[in-house]
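The structures come next, written out as structure tokens.
Both of the next two complexes hold chain A, though its partner changes from chain B to chain C.
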Partner chain A sequence: MSGVNTIIIDGLALALPLLIIAIGGIFSERSGIINLALEGLLGFGAFCGALFAYASVTLHWFSPHSMIPLYLSFLVAALGGSLFAVIHGLLCVKFRANQVISGVVINILSVAVTGFLTSQINVSVFGGPSSKFDLMTAPRLTIPLLSRIPVIGAIFTRFYAFEVMILVLLAIFWFILYRTRFGIHLRAAGDNPQALDAAGVGVARVRFTAVLISGALAGIGGMCFAYSILSNFSAAIYMGYGYLAIAALIFGNWKIMPTFAACLLFGLAQSGANQLILWLKMDSSVGDLAMIVPYALTLILLAFFSKHNRAPRALGEIYDKSKR
Partner chain B sequence: MPDTDVIVEMRHITKRFPGIVANDDISLQIRQGEIFAFAGENGAGKSTLMSILFGMYQPDEGEILIRGRQVDISSPNEAVALGISMVHQHFKLVHNYTVAENIVLGIEPATRLLGLIPYVNMRPVNKVIRELSERYGLEVDPSAVIEDLPVSTQQRVEILKMLYREAEILIFDEPTAMLTPQEITYLLDIIRKLRDDGKTIILITHKLEEIKQVADRCAILNHGKLIATMDVATSSTRDMASKMVGREVIFEIDKELARPGEVVLDVQGLTIENEHHVDVTQDVSFKIHAGEIFAIAGVAGSGQVELADAIAGLSAVKTGKILLEDCDITHTLVRPRTLKGISYIPEDRQDVGLILDFLLEDNLASKAYFRAPFSRRSILQRNAFDSYADDLIRRYDIRCSSGALTMTRSMSGGNQQKAIVAREVEQDAQLMIFVQPTRGLDIGAILSIRRRMIEERDKGRAILLVSLELDEIMAVADTIGVMFAGRMIKIAPADQMTLDEVGEYMMGVKQS
Partner chain C sequence: MSGRDPRWDVGPDALKKISEPGGKCDDPVAPPSQDPPNPAPSAPDDGAVQVQLNWFLRAFGNERWQFITIPLLSILVSLIAISIIVGVMGSNPINVFITFLQGAGWIMKPVYAGGFGMLSDLSNTLAAFTPMLFAALAVTIAFRGGLFNIGISGQMLISGFLASVIVGYSGLSSFVAKPLVLLIGIVTGAAIGALIGFLKYRFNINEVVASIMLNYILQYAVSYFINTRYLDQISRQSRVVSPASTLVLSGIYNSKTHQLMVSNSLPSVLKLGDIQFLVPICFVLAIVLAIALQFFLKKTRLGYEIKAVGANRRGAHYSGIRVKRTILVTMMLSGALAGLAGVSYYLGYFNSIQPDTLTSLGFDSIATALLGAAHPIGNIASSFLITTLDTGGTYMQSMMGVRQEIAQLVTGLILLFSACSAFFRWRIAISRQKAEMRAYEAAEHDVDTDLVASSQGGDAA
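What follows is the complex of A and B.
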């Protein structure tokens, strides 16, 4: 397999989970709620999904080699992510807390809670001291003919099934945001909540729902990373992809398709850097430098493109009915 | 006129806010298909009354009848259900949405994709909007995005929003405040068309000329009371102006004749533009002498606040000159102006005048903290702040719960204003600028600030007062300058003008 193929295959495997997390962020932020909690939400979602998958295998809930735990674990991860997002929703919408602080606190809380619960559950339920839940690696698929096309064929080679799921979710959530009444209300809440309220739609309900959606999508994204990069759930899930998703959605101007492009850019940049280090036969300790590439790229791109960026006008604004 | 024509009836409406009666026992009837105007100065209670009709406030006493039936309007949604809609002064539009999307917001038409999945279909909406805009001469492109549209077009979108919701009673709150003269003419035409089509129009304004042009009847409010309901056709603007300004009891303040000295402030041909590059004052010139109170009268938005800001150095000057004791300060920064001798009591005391989350003592020293005794070798001397603040609190009678260490936000508006006055007076500045210094204060605080202005004048200071309250201007001014639409149209000694005359100049009824 050529290096270019590997760059594309690994790049997509990173870019698509990043995208689904970023779409979650877009839903929250277009409704006017800053969501720095994506990192914590993806971690908690992955924890819930991984706990379910690990338990179902260890405790023989399904027949061996059944794929059902794998599919269901994504659903559980989505539920777990939105459950944790309830905290952010309550703090930001109901209690009118500072949204930045709420997000940061949720991230810290998520690391602590999942770390603690993982070791405790391992000891008390599964009877062995461990700080992770081991998972199977998600199966990879290759489409016979399409994969033979030069270069582009890599897109159809050794991809994870969840990448297809993410593309389907992309279409669904694009439709919801731009073509449904709920989507129109959501985007109005992030631009001028007073206008939405005057039109007889409850701002709080729209924003709370948006935050729950962001939790669910971040949870799914976290589960993807648990299956692909880690093959387990452990504290290593918190490697900053939630923040990278935020960078992608800002770079994508809070719009879904440009954010998709930003995620592809970040994914390919990282897999490209990994390949570069292999080709140059650099020491593995230097390999960690490759991790820097997407972040350095973010800094540079944001410095140059920020002036074209337009955040939702009411982003971070605590909505007060009586204010006019 | 038979009772069946009455569409809105208000009976004995009273609304109190802490410290003020915004509407005091107001009863009136508005007829189907007329243009009914509310006139009155700022704070007369006209917006409050209409907010009650639109369900944003509940009256403390009184009842409302719509089409002869008593109703309880507890939210704007209920008002809309009764066919009442309102165009607010600040438009409620989503900026990155199209005209059509804004019009249907909240009642979007949904079609089912494949007979199953509901999605928003704007096509029928665009057709309805086009029909409505043709019918009333409201030219808009349904697919244009709001943020690309000028204010006058955004206003048309707000009107279309009401029409799309089939409103019968349309309330306009100061609709011409942000429009150019041509746009005003256009809007008034639309309002007439709406009336001719059977809609009932309620117009809130303080511009009498507009009332004269379009309204059928007019209610005049003053200090929360309904002064008169008049037929516009048979009343003169002059008559309406005198009723609007009212003949309130002017608080007695002992004041000796001014003994003006040298010129302190000399403003020459000042033109100021706002952030949209529109001239807000045009070629304004005047002089203030030592020992003189020069008061600028004018309706809100005549350019007087921008003028005061420019003299204080808060905004830039386009053309013209400002001389302070013969020294050109037109382009000087704020601190050199302060040190040279300008003190400034701004209109917005909470945003510009104070840092609310600082201690009272920090606010009292906020124009002198950088020099001795407050600062030595760049280190703040807290005990100097303490003793200075204690002294001012005593001398200016500032009421505060924990003395110098009171959090400024916790103080009442009147005492916050006293703190600003104390700080500014203590600067010993040659020129003192007071902008709306008594707005929203109780009678005791009002009198104390007015007396302070006269005391400072008697010490030989030049005082510039900007006020929307004619009473205040008549009570303290030695010289009155009247501004209308950005121009200083009249300057005369206070004892040579009557309150009515000043009112007429302010309304643009009388030109010199």
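What follows is the complex of A and C.
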């Protein structure tokens, strides 16, 4: 396997989970709710999914080597993420909290709650002191013929099954946001909530739904990281991918396809820098410097591309019917 | 309030009566959907109109004191929530809270290990408090200027790192080293802040993204240098800085002879009755800066401009404020405060830097600042609270057998409820309005009947 292939394979494995989290962020922010809580939501979603997967394996709910827990755990992660997002939705939509504060608080709370519950559940249910749930690594697939194509073939080589799922979700949620009535309502809620209200649609309900969707998508993204990079659930899941997703969606100007490009850039820059160090046979401590590349590259590119960046007009505003 | 203001219907006399405090306080939380307002004003004493505010509204409805009463309400609610959680887990919540305070040194512990005393715990809490307050102030000033500095952790790290490298590993005497460390902290932080501000106004890069990116860049860059040059092979952290450069002094207080001794580092042998403690040099500086910041925001021109830009960027522009310059200055001030937090954390509370991690303090400080209502003086109180929970958590766990994560949970819940403060304020304002409306309607009715009575009397005459 050549180096270019590795760059593409590793790059996609990082970029796609990041993308699904960022799409969640887009849904929330296009409806007018700032979502700094992505980090906490992905953590809590992954916690729920990992708990389910770990319990189903340890307590033998399914036949051994069954793939069902793996697939179901993504569903559970989505549910868990949106469950935690209810807090953000309630705080921002009903309780008129500052959305930035609410997001930061949810991140802090998520680290505390999952850390506490992981240790507690390990002791009281599984009977062993541990601060993590061990998972298997998700299986990788290769499509026989397509993978033979030079360069492009890498896309079809050794990919995780969840990458396909994310691409399907990408198409679905792109369609929802840009081609359905709900999508129009959602975007109106973020740009001109008064107009939406005048059209007879409840702004609060649209925004609340959007926050729930963002929680579900962030949970799925978190589960992907738990299955691929970590192969367990532990506090290490909070390594800042939620913030990175926020950066990606702002880079992508709050639009899905440009955000996809931003995520690809992150992923490929990261894996590319890692490969570069391998090629040049440099010391592993230089790895830290390689890690800088995607972030520095983003910052430089932002300097060129963010002149015309525009946030949704009503982003961060509490919707007040009586205001004009 | 919408519609006409009924105050104008009842005249100044009634207004005076209405504004009088008092009234019975026997009804529970103002019920809006109860029976329609009593037609006859139910006033027991000579028919004066009174707004019947219940105790809750009187305690929390006064807008002048809401900046302190509302956070107190949030804390109270979260303490109740925590008590329930702790109670369900089978511990006595009162004892849990007491052990928190004991661990943080606010209350005497029953037993102390040799060489330690309440003073040791309290001084440790104050040493942890100092960087927290600096960081919270950094968030506050940015927030007031309409900016969000999420990069406190990165600014702290680079300031602490540069101060360690330039001063901490040199042999400078403490009179030169300590001011130099502070200076490096301020300058480095301000430079990073200025960079973020520059990127914002020159290239329209959102400051949240810029500071997140810089967080990562700084984290990895610093880790690289620590791992390759300044690593202590045993602790896997950066080498310990010289005692002369740290911003925390070590003190010994002898409880038998009442002798006090303060120096850069602890003597190797402790005498009987010695109690060791820390002297955080920057503690006073942090408090003074908080007060100065309040004065700056309230009384100076630049402070006013910062607030104006924060409230309405476009309005500030049209009123002649140089918005771009103000954004730059705000981020520089915020960065400088974050730099102070960095040096008082890495060369004070700790004396080395752990590579590959950003301190969570930088993120916690955001919540601390907002718990303090983005008000410099409020930040002092909220920093005390959060650091008390932080430093008291270990002792609480060892005494109560409750997991230490519960300390984080307490912090999280307090912040969660304080995030609802706008909601509390709004609900209280609405209940208050409803209570007042009922009183006004009653008064109006009263005046109407008076008028009818007097006109009838006039006809008869």
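Just so it is clear, the second predicted complex is superposed on the first by the 321 of 324 C-alpha atoms of A that agree within 3 Å, B and C clash if a C-alpha of one lies under 4 Å from a C-alpha of the other, contacts with A are read in each partner's own complex, and residues count from 1 in each chain.
What we mean here is this: contacts are C-beta pairs under 8 Å (C-beta built on N, C-alpha and C of every residue); 3 or more make two chains touch, one makes a residue touch a chain.
Computed from a predicted structure; not experimentally measured.
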item	value
Touched partner set for A:Ser63, first chain B, second chain C, both or neither	neither
First (chain B), second (chain C), both or neither touched by A:Ser124	neither
First, second, both or neither for A:Val100, with chain B first and chain C second	second
Partner chain in contact with A:Val201 - chain B first, chain C second, else both or neither	first
Which superposed partner A:Ile246 touches (first chain B, second chain C, both, neither)	second
Which superposed partner A:Ala112 touches (first chain B, second chain C, both, neither)	second
Chain A: partner with more touched residues, chain B or chain C	C
Touched partner set for A:Arg313, first chain B, second chain C, both or neither	first
On chain A, the residue positions that both chain B and chain C contact, one per complex	none
Chain B - residues contacting chain A, complex	76-77, 80, 88, 90, 92-97, 101-102, 105-108, 110, 117-120
Residues of chain A touching chain B in the complex	175, 179-181, 184-185, 187-188, 191-192, 194-196, 198-201, 313, 324
Partner chain C, residues of chain A touching it in the complex	36, 87, 91, 94-98, 100-102, 104-105, 107-109, 111-113, 115-116, 119-120, 240, 243-244, 246-247, 250-251, 285-286, 288-289, 291-292, 295-296, 298-299, 302-304, 306-307, 309, 311, 318, 322
In the complex, chain C residues that touch chain A	2, 148, 150, 199, 203-206, 208-210, 212-217, 220-221, 223-224, 227-228, 356, 363-364, 366-367, 370, 403, 405-406, 408-409, 411-413, 415-416, 419-423, 426
